[in-house]
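The data blocks that follow each hold one structure.
Okay, so chain A shows up in both of these, paired with chain B first and chain C after.
So, the complex of A and B:
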């Protein structure tokens, strides 16, 4: 059982890194008001390009870098379509995911059988000897450590720098930001491209550290989970850390649940009643939906518990910014002037 | 005050497709002056000010500030030149703090990197003044301490009660407006444009704003005050410039002119401030509402047991300060808000708990307060909006298919009869494109033309120009003559007194006073609206209301 738990934790940490990197990138992009549903496609492009580079050059760091760059390149298309051409963010994102999936499947065929020497595991001295958690947390690849280190970096960037303040402002109210001298288009471009770089990194980690091979469609929906993770984390980087481990655990459980006897023995009370339920609940296909169910639960909770102006969703998400748009605004007269005048005449 | 103008806008021309918004307008403001800019909706006030603030560029004409010619390509240029603007809808991000909203775009680095020498001196000067370090610090750090203390001082100087560390959503509307003004003051502007600043304020807040503005003007700041409220011009401005249809009508010292003259300058003809009210036979009750209770959006009781009877040919005016349950009452009797208690009977039919559709089918018409959000579908055409309550009633087809030519004809009739302007084609123009007054006329047309038994109008003339106000009031009186029962909710006491047959004052979700316009003591009504009469008054009026109720 200890072996199972340790193995599960290990798998959780590995799975979490992918979600953490992709989720952090998506937070930056969405905070600037641009939803990027192309994460899945950008991850695949990052995974394949990183893998090919590593096969050809033998350097996994170079591969990781190329993965990031191509993730950014794909994000640039998204930025151009959504910010400059003001097209629909959802359609553009889905298109990029389909494009990324198609291109990598096509171009990746001959690379399926290749093998690489990817990121090695680095053990942190002393800490790695901690029981249960030691191996999972402190015998990891450089990319695992990097993802965790990037959580406070992104948090600091968003909430403690001028560029972060400007990023948030263009996602909340681009018109206001514009009148304050913030370059809305530049900030949104930057955020989307940086976000794409994170997605590319997540993909490169997948092929260079996580599985160390290339399989078409190897992201297996993790890009979509990253998008859900951002909502789950209510657009806060520090909650991405927690959410990534939670979703990572679900991911790890899903793969390992088959190896475990999760049903009750035939003689146990209520076995005939409970076993079908347990089989359903722990069925891998059903478990794959849990991250989305958790996201819906968090959304519902947020709506019930908080006032709308506290909701974390960036107010201008999905909104293209058209400069000096004539927004029809209700112009109220002064509702109180009469009372005002009456009182003054007393 | 010097006679030499501080701001001169000369011969400004701005054209939009199909309309000349500013037609060779000259406009000047002196230093330390509060200058009113008055005009109907669409007269070109906002366009002129948006040019001054760099949001639009003019097609012709020049702007001089303090003798220097300005080239304004963006609001940033205007701010740099010393022009600030407080927009009507606040330009604030609710999720950020007051200080963050104010310093946004300024790129103030963290204190350790402050270019004027950080107080802590942790970094050597050579490093701190290095341009590369500065550039990085301006992007990848954020200094809030110095701005916060400066904002705090500014706020103290002008008597603004604002917590610089609070998130903007935590502030009330009056405080938010002060943050907007601070945003301009923080950037050392010499001229502030205020776009209808009192629109969202309570009386006390407006009073405070006027005091602050006076103080700012005394310190030498020039203030442009955009409004279409004559009373405000009189209360606060030194001089006033009137625009009409894109042209300047004139600039006059406020002390030298009467409200009636100003109104005539605005509208271009004499405006009827008093209306002819024909005597009407009051008939049977149309609406009987008993013990209505309802909650507001936050789940707090906003309507605390209200009885209301409205008869044929009667206008019942409901006076009160905004937020005392008027919206909830209007929505309750229009069938849009769930009741927690009470019953509603319209024309003898019990509609308690019925769907909004049932209310519509039983000839209840409703003019909501927020015409853009609830009064229309802004993205649909004028035709769709004009017919959206009647397309099902068999008049336009057999229930399977709609008779589009019929719909169009009906919409065109409404547009013509109610003088809705700016509609060249009812299927082509969207409701959201109409100006406030014209949209309100369209909504009123839709609600009235179906010959309702009960018409509920919530703030029907709020925010619309003088000409449209006159038209809307006359339409309401015409409904009364036709025997419709009308509930008129308004915060404009003059309007209530001029139109109503009976006046009820609402305060904190209850009727606290009932009177008829002929016998009303305006001072008493004003006090009741603000809960100012004290316990005795409330009791007395409650008795009066009870007595009146028995009499019916």
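So, the complex of A and C:
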């Protein structure tokens, strides 16, 4: 049993990293008011470009960097379409996923059989010997550690720095932010591009550390789960950490639930009645639907239980900002203070 | 030198831009995709001639295109109708799968005389698709929960449900392949001509239904009203709740038809790997044809041509058929770019010598 739990935890931690990286990027982008449904495409582009770079140069860090850069490049298209051309964010995102999937399948065919030496596992001395948890948490690749380290970084950035608060302000009330002197267009561009970099990193982690190979469509819907995760986490980075492990656990359980005896013994009361239900509920394929259903449930719960304006969804999400002809620029002195004013005015 | 971009909202859109946009976007997408072809050392001329000329001039190509167009047109309508009301149905794929599953179950387990079985299969498929679409529609209409997210998430639920059912309770036939039993003759859609099955009639009929619904009925008027100005529509006494639910239910019905048409007309059985992606292409189709049901029909046939041409290109030249996905993406890309130029007029103003007045500048130029 201990072996099973340790293995399960290990798989959970591995599965969570991809979601964490992509989810954190999506939080930044959505906090600035831009939904990015192109995560899946950006991840695939990051995965393939990182993989090719690693095959050619032999350096997985360089591959990781290239993956991030190309994720950013794809996000730049999204930013241009949604922010400058004020296009529909959904359409632009779906388009980028199509583009990323299509182009990586098209160009990636010849790289399928290549093999690389990807990120090695690094064990943290002493801690790795902890029972059960040790192997899962402290024998991981550098990118796994990086993802966890980025959670507090993104949290600090969003809620404790000027730039972060300005990001949030353009996602909540762009007109007000503009009036206060925040460059709405610049902030949104930055947030979308940084978010794309995270998606590219998630993809590169997938091909360079997680599976250490390239297969077309290898993200297998993880980009969409990351989008769902952000809603699940109510747009808060620290909850991304929790949500990523939860969704990762479901992912890990899915692959291992066959080895678990989850049904009642034949003699137990109600066994004949409950066992088919239990079998259905714990069926791996049915369990694969839980992250999606949980996200819908969280969304519905949050909206139904509280008034919808209290939901953490950035108020200006999905809305392009059109600067009106006359925007009075007021001087409130300290810009840090003005951003706080914007936030308090909500 | 001082370059300035003047961007102003257009009062009205010039006619050439309205009719030229779809053509230009497709041509631009093909032109840019040729870069990807060159990257693989394939001549774009050869590739596109296989893709379009050979497909359109061979009987095989024409019938295949027609067969592919059936589900594409139907799912296109499933996205088009909610779009008229200002809603996005990103989940037509899931509604198609659910419809296919329900129709398949009826086809395998119900016996009815003559064409009654096929009618029952289509009805069951339509109802299942409509149900799958009704959930996000209700969440949107009642609680204002974003339908884009819910339709998308439910698609993944539908795909997993399909894997569960086809690999589990619904599995059948010889061997242990993840598929259902083969349909009997009575549950197979008869052929119209060649390989084209009678689902074509259903698709054409639904285009007509959607056309009449949108242009000739009170409901259609309400849908368009809600889509163009929800606030004003509410003020005018139109129930947004009713409109939102109805467009999604009818859209889901269309997608369900698409699912069973493809299964009972082409596949002959439900295989677990049935994930055609028509519901995602449908978004592009509805976007291209959003001005009317007949344009959805045209766009559906065009993308069918693209998909069929893409796979012949793969066979003939060894170029991955994924190119069609790239082309689809680029069509959207250029379409939404063109959308910007429809809404805003952009003019470039160049002041060669800032600081001097226009009068002196013309003087110095002369």
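Assume the second predicted complex is superposed on the first by the 302 of 346 C-alpha atoms of A that agree within 3 Å, B and C clash if a C-alpha of one lies under 4 Å from a C-alpha of the other, contacts with A are read in each partner's own complex, and residues count from 1 in each chain.
By definition in this document, a residue touches a chain if its C-beta (ideal position, glycine included) is under 8 Å from a C-beta of that chain, and two chains touch if they have at least 3 such contacts.
The shown structure was predicted, so the numbers you read here are calculated from the model rather than taken from an experiment.
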First (chain B), second (chain C), both or neither touched by A:300: second
First, second, both or neither for A:115, with chain B first and chain C second: neither
First, second, both or neither for A:288, with chain B first and chain C second: second
First (chain B), second (chain C), both or neither touched by A:177: first
Partner chain in contact with A:231 - chain B first, chain C second, else both or neither: second
Partner chain in contact with A:169 - chain B first, chain C second, else both or neither: first
Contact residues common to both interfaces of chain A (with chain B and with chain C): none
Contact footprint of chain A on chain B as seen in their complex: 41, 55-56, 74-76, 79, 85, 88-89, 91-96, 100, 103-109, 138-142, 169, 196, 198-203, 206-207, 228-229, 231-232, 321-322, 370-373, 378, 432-433, 436, 459, 461-464, 491-494, 522-523, 525-527, 529-530
List of chain C residues in touch with chain A within their complex: 36, 39-40, 88, 90, 139, 143-146, 148-150, 152-154, 156-157, 160-161, 163-164, 167-168, 280, 283, 287, 320, 322-330, 332-333, 336-337, 339-340, 343
In the complex with chain C, residue positions of chain A that touch it: 37, 77, 81, 85-88, 90-92, 94-96, 98-99, 101-103, 105-107, 109, 216, 221, 224, 227-228, 231, 283, 285-286, 288-289, 292-293, 295-296, 299-300, 303-304, 308
Touching residues (chain side chain A, partner chain B) in the complex: 157, 160-166, 168-169, 172-173, 175-182, 307, 309-310, 315, 324, 328-343, 345-346
